[in-house]
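Heads up, the next two complexes both have subunit A, just with different partners, subunit B and then subunit C.
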Partner chain A sequence: MEKKLSLQLNNISKTFPGVKALSDVSFTANPGEVLGVVGVNGAGKSTMMNILGGLLQPDKGGSIVINGENVKIKNPKEAEELGIAFIQQEVQVFDTLNVFENVLASDFNKWTKGKTPFLNKKDMKAEVKKHLDALDCRIDLEAPAYSLTVGEKQMIQIARALSQGGQILLFDEPTASLSDHETAKLFEIINNLKVQGYIIFYISHYLDEIFELCDRVLALRDGNKTGEAPVVELSKEQLVNFMLGHLVEGAERKDARDKDEIVMKAQNISGIKFPKDVSFDLHRGEILGVWGLLGSGRSELFNTLLGIDKKTDGKVLFGKDGKLEEVTHKQLYKHVGYLTEGRHHDGLFLDMPISKNITSSVIGRFASKLLGILNTKKENEESRTLMKQVNVKAVDENMIVSKLSGGNQQKVIISKWFLKNPDILFMDEPTKGVDVGAKTEIQNLIFEKSENGMSFVVISSELEEIMNICDRIIVIAEGKLVGEVNREEFSKEALMAGIVKQEENDEN
Partner chain B sequence: MLKKIKLFGQRNKQLLGMLVAIAGMIVVLSLTVENFVTWANITNLLAQVAPIAIMAAGVTFVLITGGMDISCPAVMAASSVIGVAFMTSFEVITGVHLVIGCIILLLAGAFFGLINGAAIAKLKMVPLVVTLSMMTVATGLATVVGGGVGLPVLPSSFSNFFNKYTVIGMLIVIPAILDFILTGTSFGRKVYYIGNKEETARVSGINTDNIILTVYVIAGVCAALAGIINTASLATARATMGPQGQILDIISAAVIGGVAVNGGRGRVRDAVLGAFLIVGINNVMNLLGVSDYYTTLIKGSIIIFAMGISSFKNYYLARKAA
Partner chain C sequence: MKTKKFKLDNIFQYSTYIVLILIFIVFTMGSDSFLTLKNMYTTMFNGGPLILVTIAVTFALLVGVIDLSVGAMGYASGCLAGILIKNFDTPIVLAFLAGIALATFIGWINSLFIVKFKMNSMLVSMGMMLVIRAVAKIITHDKTISLFSLSFLRQAKIEPLGGFPVLLFVVFFIVIVCSVVLKRTPFGRKLLAVGSDEEVAKNIGINTDRIKSAALIICGAICGVAGCLWIITLGSVVVTGFYSYEFLAIAAAVLGGTSLLGGRGSFYPGSFIGALILLFIASGMAIMGISPYAIPFVRGVIIFFAMYIDSLRYKAMKSSTLGS
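On to the complex of A and B.
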């Protein structure tokens, strides 16, 4: 970098009708450091980032100073010219274009041969190679984007930001869909960029990542800056305190399982690709964890067990008072709930009100026997009760779900299954993309319900979370069951042991 | 009370818009056409709307699940021909024959719908392709069963029973029942769930296949009901009574009524009002002596305009939310 970069925000406010999304936020970002931005959903992180990206205009009175100059960022184009680049949570690439075309997708005009409409592919490749080399990333320039892993696609995004002359890089939850390995690689790259003198913002819900990667952290709550400090001076509790304004009280897990009573027995479950020959028992009131690396076939195990994917072999036994009987997936589904990983894909009816979402799992319960006439009054009443119980924050039960924050959306899905009150609740990544406060609330709800006899099967990528909430964890690798660990023996090593053994077996 | 009216207005903008348009049309017609507001004229018009409105009501169910059914007019003709072929197969046609014939007619409509639904829900075939094929199959069947010389004429008792007052009664009662099924029962709610997000509906434990199958059966039965009305006014049935172009009127009625073509939104009530508008436009053009070519041109523009408004509304809402 030739000239010294700097970015300064002075007294930035943003008022939406009825809400003050940001009030008087000031800070300075320095080159050569990663600035973490934390806050619960609705704290104002997105608003701030959108102001920097030119999507929103701040209220009058504040100022943004870049490289010593007072600037107004009127639209995304101007943000780009100022060297501000976003790296989004959802990886955005053109699947059928290849790598170098993807990197330079936003400015093909610059890469034509003279005045002809033809692209100068040689120069383009050289340019892209330069940026990818800087990222120490070796992917084939000619490879089509659909053949890449999510991590590699993320590299394309970063390279795209650099090729546009990005100097102020805003990472918005970049690790949400990355595997552990890819996350490590990304951190390496971010650290590398930091050393080269870029200004880097890093937004994340994962506090561990903030502590691992960031140098300084900025905490927002209800639009106010509640804390700013070098990471080394902070403890996790302090950071959470900044974000929530109080300390979270996570309940301790009291083992509530009835070891004698088995509610479900899965025997030799096999699917088309995954899972392969998986058997396990589930006790009443137990919280069973399913752990494995990304792509190990965890979600496929749930889908196959519940009949959403085709089951090729194996059987499922289910029983209410210890008498197990073989059941079809349809019979089983009457007694289970399934919180899927893709909240927007198959968890919610986004354009419908909260109440209709909550009652969707048991809509028959609100209908008269003969003609199926719905009792909407009862629907609304019960939805309100559940919203209160699960603490869904919304104006009322008629609010459209797409307007809620991620954490509240997740709570709507949980309400939906709590209303059904199943014997077993399957949860795939129950706290993904959910802020710290809501996360603890969700965990406490799981504890409470399990003490009342509901059994849980929980998938989580977060080792700390799964070890915190589960009584027992089964480990899946390549669709096979490779280990089982009881709460007393929980440790990363114990969980990894099975996976390592599996990999060794494969090599031989 | 005032607040309630305001709330109703906010939730039913589409309805109010259409009522205004229909009122406007009536005003224009009564000013330009002599003797427009006569009892005979109005009742004739209503009876004319009925077949389109009832078919639009059936298609609304399909559209809300995110599906498509373009076979309605053909199914209407085919089931009518089958029913009438049964009725006229007797030497002396009695009332019993006519009643059984009507039941057969309705069952035929349900059967065509069932085949559509099974292919789409169970075999996961594309709705447009399935119903396009059904359209040609049903038209072919109607031609074959109807024979070269056409079916004999039904006894006048049939047309007398399904006179224009009965038909107007059907126009009110059938959509009212269907609207209630859609908005007030658990079945209807499931239709909306599926249209909003089929995957979520499936995970929520809803038997999506059965619901999707059922909506196509409903569309088939509605087509058959329209068939009874058309049969009564023709006093017989033939393959040409369901011109393929009519599907445009049916789908447009639903779309103008605010039924979302990609599912999840809309009401039978509004689709029926849409049918009033579409049939009304046809009549206005007719009365004003506009040639058929212009009529289709203007109708097409109105549909694009109506869809444009709803798309623009979504675009505007999205912009406002960002």
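On to the complex of A and C.
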């Protein structure tokens, strides 16, 4: 890098109608360091990044100084010219274009053969190969993007940023859908870029990542800067305090299991690919964890049990009042709730108000007997009660769900299932993309409900979380049940044991 | 890393060729006069308007817009050119240019509604279709306009090539140019990018509104050419011109592998071969003396088949994303 890079924000504010999303935030970012940006949902992190990326305009009064010059970033193109590259949380990749086209998608015009209007594929490929090689990423340049893993798509984004001449890289929760292995690789790359003198912003909900990767951290709360310090000088508690303004206390898990009553029994469940011959019991009031690496077939187990994926073999028995009876998935569905992993595409009606989302799973309850006319007043009342119980932060029950933060959206889904009040609630990554505060609240709600007799089956990639909330964990690898660990014996080693054994078996 | 997914994709790529070849085999066995140069030329020449409208609608489909006014735009262009020639003695070239300009203008209006005002493309273009048809009906008083002066264009043939109709070159030329633009130029890639994911395209700084508008305006212009070709091949302007071509063209495009969701497709082989399939089905059935009423039925079955293939293709794409 020829010139010394610098970035400074002075008194940046951003007002949306009715909300001050950022107020008077100032800081300096230095080359050769990773600056972590933390804050709960709605704290203003995304607003700040969007201002830098040219997607939003700040209020008048503040200034952005890059390399000593006052700049205005009016659109993504100008951000790009200033060397700012935004690596967004949702992978910005065109599924139907291939790898090299994806990397260079932002400036196709640059890649024509001399003065002809035709693209120079040879040069394009050479350029892309150069950047991908630098990232130590070997993917077929001609492969269509839809055939890539999320990690590989992430690499495309980074390669794109570098080929645009990006020197200020903004990473917005890049690890949200990466496997452990891919995350490790990404960190290596970020560290490498850091050493080369890039300015790197790193936004994450995972505090562990902040401590592992970042040099300095900037905390935001309600649009204000609440803390800025080198990571080595901070403890986790201090950081949480910056973000929330108070300390969160998670409740202790009290064992609420009814040892005598089995509420569901899965026998030899098999699906088309996954799962393979999985059996387990679920007791009333139990919180059962399902743990496995990404791609181990955890979600497929849920989908097969509930009849969303085809079940090729096995039985599901459901127990009510102490009697176990075999049930079809349709019968089972009457007694269960399913909080899916991708809340945006299959968990919420994003354009509908909170109340209609909450009542959607049991809409029949609000219809009059004779003509089936809905009682919207009752709908709204019950929604309000639940919103209070679950602590959904919103203006009122008529607010459109897409306007809520991730944590609050998740709470709306939870409210929906609590209203149905099923015997069993399946949860796939219940706290993914949810901030620390909301996460603890959700965990506390799970405890509370289980003490009232609801049983839970929970998938989580976060080891710490699953060990914190579950009574028992079953371990899945390649669709098979490879281990079962009780709360007293919880440890990473105990959980990994089954997986390691499975891998050894495969090798032999 | 040549895995299964790639092979699956290849099969889909060739599926249009396979269908076309099957159709050829069936009709060649059914009748001696099917596989003759004369029949090939006539079918393609008379089908020129459908081929061009398919190319036009493919531009819209690529950026994720379903344009139902393509047939009507072709009709409007032919209608205007016809009236100018017949009633105002306008030179043929000028009349054609006027027709093409009109269709281009309608394409621009479509883009205004769809891109600028963000209205639903299907409803906007359907409204446009109804308006154009109604206006044309009022102007022509629902009467046929005969255009004998155009017959020299229809009869222009290259004898050494077995009577190749000169104007078929226009069709081939447009197909080739569009294909090269899509495959080899920055604009082509941007079309695919915008259709693939508009949000992403916007985020990385592509001017998505401009690309979409351009696609819709080009769509109009090509429909305009189709309209001129139509009155040449038919020798008259009739009210039923381009009737239900919007659906045939979309079906032909999808048959050729263009996705209704945008971001995937090609002019050649894709849409071109797709249109040929529909054309040769009709031609073959006519030659074999099958009732003309059966043609829409068979085309319908083929369209179902095409949609099924499209859904399979989509599923294959989805599963390869999730299964990774």
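Keep in mind that, in the parts below, the second predicted complex is superposed on the first by the 507 of 508 C-alpha atoms of A that agree within 3 Å, B and C clash if a C-alpha of one lies under 4 Å from a C-alpha of the other, contacts with A are read in each partner's own complex, and residues count from 1 in each chain.
By our rule, a residue touches a chain if its C-beta (ideal position, glycine included) is under 8 Å from a C-beta of that chain, and two chains touch if they have at least 3 such contacts.
Since we're looking at a predicted model, the values are computed, not measured.
**Q** Will subunit C clash with subunit B on subunit A after the two structures are superposed, or do they fit?
**A** Overlaying the two complexes on subunit A (C-alpha atoms) leaves subunit C and subunit B clashing.
**Q** According to the stated criteria, A:Ser360 is in contact with first (subunit B), second (subunit C), both, or neither; which is it?
**A** After superposition on chain A, A:Ser360 lies in contact with subunit B alone.
**Q** Between subunit B (first) and subunit C (second), which does A:Phe349 come into contact with in this model arrangement: first, second, both, or neither?
**A** first
**Q** Should A:Glu212 be classified as contacting the first partner (subunit B), the second (subunit C), both, or neither?
**A** Touch status of A:Glu212: no partner.
**Q** Counting only touches as set out at the top, which of subunit B and subunit C does A:Phe118 meet: first, second, both, neither?
**A** Only subunit C is touched by A:Phe118; subunit B is not.
**Q** Is A:Glu503 contacted by the first partner subunit B, the second partner subunit C, both or neither?
**A** neither
**Q** A:Tyr333 contacts which: subunit B (first), subunit C (second), both, neither?
**A** First partner only.
**Q** Looking at the overlay, does A:Leu371 come into contact with subunit B only (first), subunit C only (second), both, or neither?
**A** After superposing on A, A:Leu371 lies in contact with subunit B but is clear of subunit C.
**Q** Scan A:Pro76 for contacts with subunit B and subunit C and give back first, second, both or neither.
**A** In the superposed model, A:Pro76 contacts subunit C only, not subunit B.
**Q** Looking at A:Glu101 after the superposition, I want to know if it touches subunit B, subunit C, both of them or none. Which is it: first, second, both, neither?
**A** second
**Q** Report, in rising order, the residues of subunit A that make contact with subunit B in one complex and with subunit C in the other.
**A** 55
**Q** Along subunit B, where are the residues that touch subunit A in the complex?
**A** 184-187, 189-190, 192-193, 196-197, 199-206, 264-265, 321-322
**Q** If you look only at subunit A, which of its residues touch subunit B in the complex?
**A** Within the complex, subunit A contacts subunit B at residues 55, 308, 333-334, 338, 340, 345-352, 356, 360-361, 363-364, 366-367, 371-374, 403, 416, 420.
**Q** Could you pull out which subunit C residues touch subunit A in their complex?
**A** The contact residues of subunit C facing subunit A are 1, 3, 5-6, 9, 180, 184-187, 189-190, 192-193, 195-197, 200-206, 259, 263-264, 317, 320-321, 324.
**Q** If you look only at subunit A, which of its residues touch subunit C in the complex?
**A** The touching residues are 55, 75-77, 80, 86, 88, 92-97, 101, 105-109, 111-112, 117-119, 139-140, 143-144, 146-150, 160.
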